[in-house]
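Below you'll find a set of structures to go through.
Each of the next two complexes has subunit A plus one more chain, namely subunit B in the first and subunit C in the second.
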Partner chain A sequence: MSPVFDNIDLFVDGFLTSLEIILYALAGSVPLGVLIAACRVSPIPPLRAFGTFWVTTFRNTPLTVVLFFCAFGLPELGINRSFFFFGVLGLVLYTSAFVCEAVRSGINSVPAGQAEAARSLGLNFTQGLRFVVIPQALRTVVPPLGSVLIAMMKNSAVAGAFGVGGDLWSTGQRLTSALGYATFPIFVGGVAVGYLIITLTAGALLQVLERKVAIAR
Partner chain B sequence: MSQQQTVLYDAQGPRARRRTLIGTVVAALVLLGLAYLVYRRLDEQGQFTMEKWGPLIDPGNEVFDSVWRLIGTGVVNTLKAAAVAMVLSIVLGTLIAVARLSLGRAGRIPLIGLIEIFRGLPVVVLVFIGVRVLPDIGLDMRNLPGGQVFWGLVLGLTVYNMVIFAEIVRAGVASLPRGQREAALATGLTTWQTMRIVLLPQAFRTMLPAIISQLIVVLKDTSLVTFIANYDELLSQGESIQRNLGNPIQTFFVVALIYIAINYALGRLAQYIERRQGRAGRAAEETAENTGLVPVGGAPVGGGA
Partner chain C sequence: MTSRPNGEPLVRLSGVNKWFGELHVLQDIDLEIDRGEVVVVIGPSGSGKSTLCRAINRLEPIDKGQITIDGALLPEEGKELARLRADVGMVFQSFNLFAHKTVLENVVLGPVKVRKKSKAEAESRARELLERVGVASQADKYPAQLSGGQQQRVAIARALAMEPKVMLFDEPTSALDPEMINEVLDVMVGLAKDGMTMVVVTHEMGFARRAANRVVFMDGGRVVETADPETFFTRPESDRAKDFLSKILTH
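Take a look at the complex of A and B:
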């Protein structure tokens, strides 16, 4: 255990960098996913086709391939940014497809009668959405969206493995390969514990939230 | 199709149809414009030259054969690792689920802890532990057929996915009508026989779509080993091809297409089975619709990389 405590400040730094990646990815993927979901449920065929294309592409490609594309492909096109940028970008693109599907299944889970009743009461499209459909959809969306986002937090390690540098994963890598620490204490005692702190906390928060919004339908 | 599915709008009248038409034209123009911008960018940077594409699409090219042989081995290795990991995690996952369902509270708590821990770790960390940490602490797998890296990868994937399967199996068994178990016990079967002969077979039937969806996750996760060690699966092969030929966009495009083709086909298979089961069990389908619950198939997006 002592290799972890000897380098505890490195681990804390790594932990914070991982959190930073996660926050950026959260801020990017949720709005993007909602936008794509809006495309997929819209009445306009080209937008629907675009949404389907997006989801099919990113859901069926490994995150690693998306990251390789971002980091090796984009510079070929004259887009040069840091690995941190590419890592977060890949994570955002990949996660947005899953966010989209979670949101869409939530919207589709609202019984058609709800929207019909809203219309027959004289609510227009926006009012129907705002007061009837979305509040119900949100509740169904919480559990799957939560697990998608927790998966994203774990995937931040992949972005780290990619060379973002300084996050939990890379800290473990550096300590074991460059500084020659034994792999077992560093990865099991340090890196794994760091990710568990993130995911278990997020999982607990999600459960509280789920209980808050739970409805018996 | 989606006209019927969505709750957001009715069948459209003339005015709405006209608006949709205008929207269609505008959206199509915008999307085409974006596609054109991407195309022009690619073209300006010389990404459409035969020099970059030739090795991948021109059978006359001198390296065409070796490039595709590399990709072929990559696909085979990816499928091999995914298949072995899948079988192991289904078997172990089922055992964990059965143990969790039949043990008392004292036995269940450590199992739940195990499930939570393995589910909370990134797969890439588990694969690293399998490939690098296990040999360091004395678990030598070099002499097994396939070698150290293969089994390390398989173990990492298995540990992550077996607990997800344990949850899927548990949900599958829990979704069966209570009468099944009661009837089986009443006919004199033991608890274990009830599980094996009556509950698990039925649970597996409903779980089939979820199992296939998880297979997609496993397939994608095999590519994580690229970061950790040399195991020539599809992505690593693509990486070495592009390093030699200097055509990352083209190579990764082909690699991505292969992943998408395999996974899309699997996804459609899962959907097909789900629909067929839905028709077989009307009642189940109706409850699923009314409650808005996704059947087990859609529930836990294991969500690996």
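Take a look at the complex of A and C:
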């Protein structure tokens, strides 16, 4: 285990960078995914078409291709930002499609009568979603959304590989290939443990959330 | 008492047609409902009576014909439709109370979000209405903690909180245990006596006799017969109505 403790500073830095990527991606992909889900269930056909297009595009494209396009394609189109920005952007675009579908499954699980009652009171479509349907959809959404978000946290390693650097995965990569450490202790003892700390914590928080949004029927 | 202050009925359906695929569920419906009038719609299942009721606030869009409320044509979608629906109260067979909100929050939501009333004002009005329908003591409970009869009375209070011009009841007692039917019907009779304009789809003949000005009998997507309750129940004109009544009144 000493290769890990010898480089504990690097691992802490890597951990924090991964956490940073994850938190930005979370803040971007969840609201975006909810918005796209709202488009997909909207009564307005062009919005529905846009939502379907978005999901089809990003759900069916490998994450590496999305990240490659963001990191190396966008600069060719004249958009110049940091690799960190592009890494997070790719992760947000890709994850939003899956968040959308998880949220949509929750929306579909709310009985149609709830939305009808909201409409009958004179609430418009957005108000009905916001005050009546989505709060109830949350309960069914938490487990699948949790899976999507935990997948995103692990996918942050792929984003890290696209020039972002300094995250957990890149730290392991650097220690083993550039500095010659043995792969096994670094990746199992350091990198994997780092990701586990993040994902297990996320799993525990999701359980708390699930209990909080439970609704008696 | 029913009235037509500007010569226009409150609700007017003219030449209304609707199809569910091949099925012609509403066929050339013409119906006028005056202010303060209580119209009971009865008929066998599949006769189109619920669809008719739901068409009045466009929960079911119609394919042909016109529906006007207070002289205004029912808008197709968007803000105008939402505004119109705010003036049309709806009570469902399955109550449809918002499951994640308390009884009080259910009643307050519309007035606050749609009518833009202050929360305090909406709450005090909501408590009055809950008192009126006899469930004031349940204000802080969730719908699932209430009996069906209590839930339906809350649903009536929720609709009344919008101060609607007309109330639609879509089989309001069909999902209730027998001993809870009367507590809901009593509230509805009270509303009728206070002059609320009501369209009630129901099988409750007792309610029709006590509160209705008019009975509309539907079958196969058409209005077959319209009469005052006494005439309809004692001397129905059409064979179809006679047949229907003989089936439901013998038990």
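In this text, the second predicted complex is superposed on the first by the 198 of 217 C-alpha atoms of A that agree within 3 Å, B and C clash if a C-alpha of one lies under 4 Å from a C-alpha of the other, contacts with A are read in each partner's own complex, and residues count from 1 in each chain.
We take it that contacts are C-beta pairs under 8 Å (C-beta built on N, C-alpha and C of every residue); 3 or more make two chains touch, one makes a residue touch a chain.
None of these values were measured; they are calculated from a predicted model.
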| item | value |
| --- | --- |
| Partner chain in contact with A:A204 - subunit B first, subunit C second, else both or neither | neither |
| First, second, both or neither for A:L123, with subunit B first and subunit C second | second |
| Contacts of A:P43 with subunit B and subunit C, given as first, second, both or neither | both |
| Comparison of subunit B and subunit C by subunit A residues contacted | B |
| Touched partner set for A:L77, first subunit B, second subunit C, both or neither | first |
| First (subunit B), second (subunit C), both or neither touched by A:Q114 | both |
| Touched partner set for A:F131, first subunit B, second subunit C, both or neither | second |
| Touching partner for A:L23 - first (subunit B), second (subunit C), both, neither | neither |
| Subunit A residues contacted in one complex by subunit B, in the other by subunit C | 43, 111, 114, 116, 119, 217 |
| Residues of subunit A touching subunit C in the complex | 43, 111, 113-114, 116-124, 127, 131-132, 135-136, 215-217 |
| In the complex with subunit A, residue positions of subunit C that touch it | 57, 59, 77-79, 82-90, 92, 94, 96-100, 109-110, 113-114, 142, 144-145, 155, 158-159, 162 |
| Partner subunit A, residues of subunit B touching it in the complex | 2-3, 5-10, 12, 16, 20, 23-24, 27-28, 31, 41-42, 45, 47, 116-117, 119-125, 128-129, 132-133, 136-137, 216, 219-221, 223-224, 226-228, 235, 238-239, 242, 248-249, 252, 255-256, 259-260, 263-264, 267, 290-292, 294, 298-305 |
| Partner subunit B, residues of subunit A touching it in the complex | 40-41, 43-48, 50, 56-57, 59-65, 68-69, 72-73, 76-78, 94, 98, 102, 105, 107-112, 114-116, 119, 125, 128-129, 133, 140, 144, 147-148, 150-152, 154-158, 161-162, 169, 176, 182-184, 187-188, 191-192, 195-196, 199-200, 203, 217 |
